[in-house]
Amino acid sequence: MNAAIRAVVRTALVNNMNVIGVMHGYEGLVNGEFRPMGARDVGGILQRGGTVLLTSRSKRFMEPSGQREAIRKMNEAGMDALIVIGGEGSMNGANALAQQGVKVIGIPGSIDNDIWGTNIAIGTDTAMNTIMDAVDKLRDTASSHQRAFLIETMGRNSGYLAVMAGIICGAEIVLIPETPVDQQEIAASVEDAYRRGKTHAIIINAEGSGIRTTDLATMIDEMDLGFKTRMTILGHIQRGGSPTAYDRLLASRMGVKAVEALVEGTHGVMTGLKGKGIDFIPLADVISNKRKVNMEYYHMVKVLAR
Amino acid sequence: MNAAIRAVVRTALVNNMNVIGVMHGYEGLVNGEFRPMGARDVGGILQRGGTVLLTSRSKRFMEPSGQREAIRKMNEAGMDALIVIGGEGSMNGANALAQQGVKVIGIPGSIDNDIWGTNIAIGTDTAMNTIMDAVDKLRDTASSHQRAFLIETMGRNSGYLAVMAGIICGAEIVLIPETPVDQQEIAASVEDAYRRGKTHAIIINAEGSGIRTTDLATMIDEMDLGFKTRMTILGHIQRGGSPTAYDRLLASRMGVKAVEALVEGTHGVMTGLKGKGIDFIPLADVISNKRKVNMEYYHMVKVLAR
Amino acid sequence: MNAAIRAVVRTALVNNMNVIGVMHGYEGLVNGEFRPMGARDVGGILQRGGTVLLTSRSKRFMEPSGQREAIRKMNEAGMDALIVIGGEGSMNGANALAQQGVKVIGIPGSIDNDIWGTNIAIGTDTAMNTIMDAVDKLRDTASSHQRAFLIETMGRNSGYLAVMAGIICGAEIVLIPETPVDQQEIAASVEDAYRRGKTHAIIINAEGSGIRTTDLATMIDEMDLGFKTRMTILGHIQRGGSPTAYDRLLASRMGVKAVEALVEGTHGVMTGLKGKGIDFIPLADVISNKRKVNMEYYHMVKVLAR
Amino acid sequence: MNAAIRAVVRTALVNNMNVIGVMHGYEGLVNGEFRPMGARDVGGILQRGGTVLLTSRSKRFMEPSGQREAIRKMNEAGMDALIVIGGEGSMNGANALAQQGVKVIGIPGSIDNDIWGTNIAIGTDTAMNTIMDAVDKLRDTASSHQRAFLIETMGRNSGYLAVMAGIICGAEIVLIPETPVDQQEIAASVEDAYRRGKTHAIIINAEGSGIRTTDLATMIDEMDLGFKTRMTILGHIQRGGSPTAYDRLLASRMGVKAVEALVEGTHGVMTGLKGKGIDFIPLADVISNKRKVNMEYYHMVKVLAR
């Protein structure tokens, strides 16, 4: 997200705006944790994971009273507009402020690409590469022991990461929140891999799939399908790491466009990647739609695992 | 490109086709260097740089006689169609075969994204990340010595890599084939960085910019702008490395679509990324248009370097 | 391990020996799964994780009858000597063969550095860097939420990886097989991190520590120490990945020395790193001693976590 | 070097010392650019390349008057002892101060491992891995074109990096400052690689070898040995990058030992890795000896390139 912050700050400065950074997200907005941002304050941050403005959850901001307090703090500080970078919850908050008259632009950031209105969110490409590196390492350990590797990825409500990882890592089967898979189907895909002569079967389990990875391991071991299971739970390492080129470019473009929107008088929208260009999507639409994983990709996993 | 090969082979097998791999590109086609490809032959290749089918240049194939020989070898081997993965030269060859009646599908692979008809080619994202990692390392060496780092990237006819690297790496100025830059402008951008208090200036020079990187280093040193220059020439390291998630996904999708096109009776086209989807672009159009770098990005470099 | 295989093959060829590769470890030795190895057969393997000769477990080789069969197969193939690369189990097997008159040299390979007689084994440095990269990513996700990250590393009998990772990653506390730690001590170290103003506490748990990582997570959550726990189980990704420079150099040196030992008439030993040089340690000593983690490092973790 | 700074600060604090950071090296010492360092000031710095204290060159400190001024500034600030992290020049400065009565400990940091008195210096392992990753990428681009890759590494006076890279990357020949190599020998090694059927020849040229890489490229092209040359000049990317596990461990150990030396009343020495342990080497010895590359390794390159 640092690339987006840098792009917003420097584009705004070129447009003769003053820029104020809000620390700790909405909680900092309610508390007035502001700091002026100059061009040098965003120097040398492109390669860092996380965000220099830090993040927080805010119970107070969820209440109307907290939102009023946030708007009061913005007015006191002379802030004319707000650019919010974050996930679904952040866009909800952005929309709430927009409905109360704040000029707000959202920029989508999400590890598991669960935000409606953009082909892809900032952070997803980096997470995908982290998962891929991990699975590549597992595949290196090929041996004459047949092994089934279970990898748990992020994705509480979205199977995007798991499905895409399935395609690019050669998984036998992918378990996601969107589609229940029964025990028989899992067993069949693992057995099938064994029968076709694969030395390992890779099973990717999104954390919100409904089956816990530890239970899945036990289940497969008990079915005695010819593979011994080994488990990797990636956890929060998917949230860190120096951002990829793709993420930095997307974030830079969205940051520039967000400021340009304000200059042109557009607000109440989120920047969204559509085709080659960055569009503006009404925040009201963003929060009232649910993104679903494209099942075409889900089926592609099986074809490519052959 | 291995991800594309894997996708083509396995999708074809699912569609009950036989798959024959052609070694060494068009040279191998002329020579009949064929090998049958099964599902296991493309196992474990996703993470490898380069291509398992190897590449070559072919003088013979550039002649009509060579092309006739290639078609004869295809017929002998019972090949009904050909999928060609490669750059501009490969698409030219593909079009030449198409015009002689061969059912051919092109898949664009290019380090410097110089192929018309697709938003991005396979290989570009990996090269971009390699360049980015290199520049990140340069920036780590910050010191109280003011330094100007010159980095030479690939791009004989295209400034795509250099411009995008400029955005995501924070370059002061980018030198590309598409736009001549005079000495004064280079000096001004470097001096400006010095004046704004930057501890380093980053200059990215595409190999086809018209200024040799060694000459550029001498020039800047002689102008005595407050920075000492240090030079990095990346060379062929931009062509290797395990492919990124983005490249593997793009290659997988294009490979699947190429086979689907053949199943549906479409040929004489190249797969091209348009928006979220994969389109088919006539090969004749691909080879008669020149891709130009979007100058909006070129100007974004300067805004973001502020 | 591929670097060691390459070094053995090429050094042997320079010394006018014939080299035969044994596939699948001792199981392949019993089965006579041999293949001649030339200089080109070990080209291009340096950067690959795992081993081109693959591995296996062998029940048959554990029996005297299996060992006799292995020796018979060696004789049939005209093998005068054997170089074994592997862990404790492999060194046990090597010693068993040595006692039956086979000229054998061991080369220590171990992820968790649990082999007595060498400062460090091949593979440990690579695993250490994999763990470090993972923890670096966790630390990137710093926020105003206080979080305790639990990371499970390999190490069934040895705390080496966990302790060293603790030093270089800044862990609050490290749980290892060698030293029991009670619940109070874990709680105290986490609370202490919280009190000193750390935004995250890192706890590294070797898989053989006696506490399961999932139980540890539950325990810390229940103690309500001010941090929410997040869990990462690295699993077999520690066994893969392209080997580091250190591992390749160590493996190359040991491979060269192993062949030199045979040339000089030395056998029944393992190559061991001692100071700057490679020594030869009697296999009988290797297998009768247990390597213990240096507790000085264990205490260094606490000093450096301050 | 940040790992060493962190280790010094935290070990000193545990020993109830106050710690003052000196910015910009000796130049900052002369200028009194000091800042107090607490435990949190070195939090989160382990993974960053470069040094949080920044570096500088200092002409003034080379003069006796500058050294006297530095000592005066130290006295004013109440500094009892000084720990210097750096290369040969830094150790020279440290020795000069020691001879004027300052309690000083050196910690060796060097990209090209050219400091006498320690097996290896901090930073060398990281640089080695950067070189290795680059050469691995070059090797990926294997094709049926025969190519000679020339890679220029650091090493103005020392061939250490080039030789070790030669072993672990499979170079045909390595050009280093310590041993002149004539044109014939280079040609012979490249031709030999061609004759043995290699698809690429790798030539590693230390920057201080006496032959400029660009001249070497021209020379090989003119000799027409069957390979086309491709050139990579790594430059300062070898100085950056997140430090490896080995470097962080070495730096941590040396930092701890440096403070322990002061506690025990030892000074006028440099920490040096000898075997498994950290020794103290008189600074006077460090600066009066020249480290030479071990020619055994130089010959190992040729054996392993076979």
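So that you can tell them apart, the chains are marked A, B, C and D in the order they are listed, and the count of residues begins at 1 in each.
One rule holds in what follows: contacts are C-beta pairs under 8 Å (C-beta built on N, C-alpha and C of every residue); 3 or more make two chains touch, one makes a residue touch a chain.
Note that this is a predicted model, so its numbers are computed, not measured.
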Touching chain B and also chain D, the following chains: none
Distance between the centres, which are taken as Cα means, of chain D and chain C, whole angstrom: 27
Rounded Å distance between chain A and chain C, as computed from the means of their C-alpha atoms: 35
Whole-Å gap between the CA centroids of chain B and chain C: 39
Touching two or more other chains - residues of chain D: 136, 139, 142
Contact graph of the chains (line, ring, star, complete, other): ring
Chain pairs that touch, as defined at the top of this document: A-B, A-C, B-D, C-D
Chain B to chain A touching residues, read off their complex: 3, 6-7, 10-11, 13-14, 39-40, 43-44, 46-47, 119, 125, 128-129, 131-132, 136, 139, 142, 164-165, 167-170, 196-198, 242, 244-246, 248-249, 252-253, 256, 274-276, 300, 303-306
Footprint of chain D on chain B - complex, ascending: 24, 27, 48-50, 54-57, 130, 134, 136-145, 147, 149, 214, 230-241
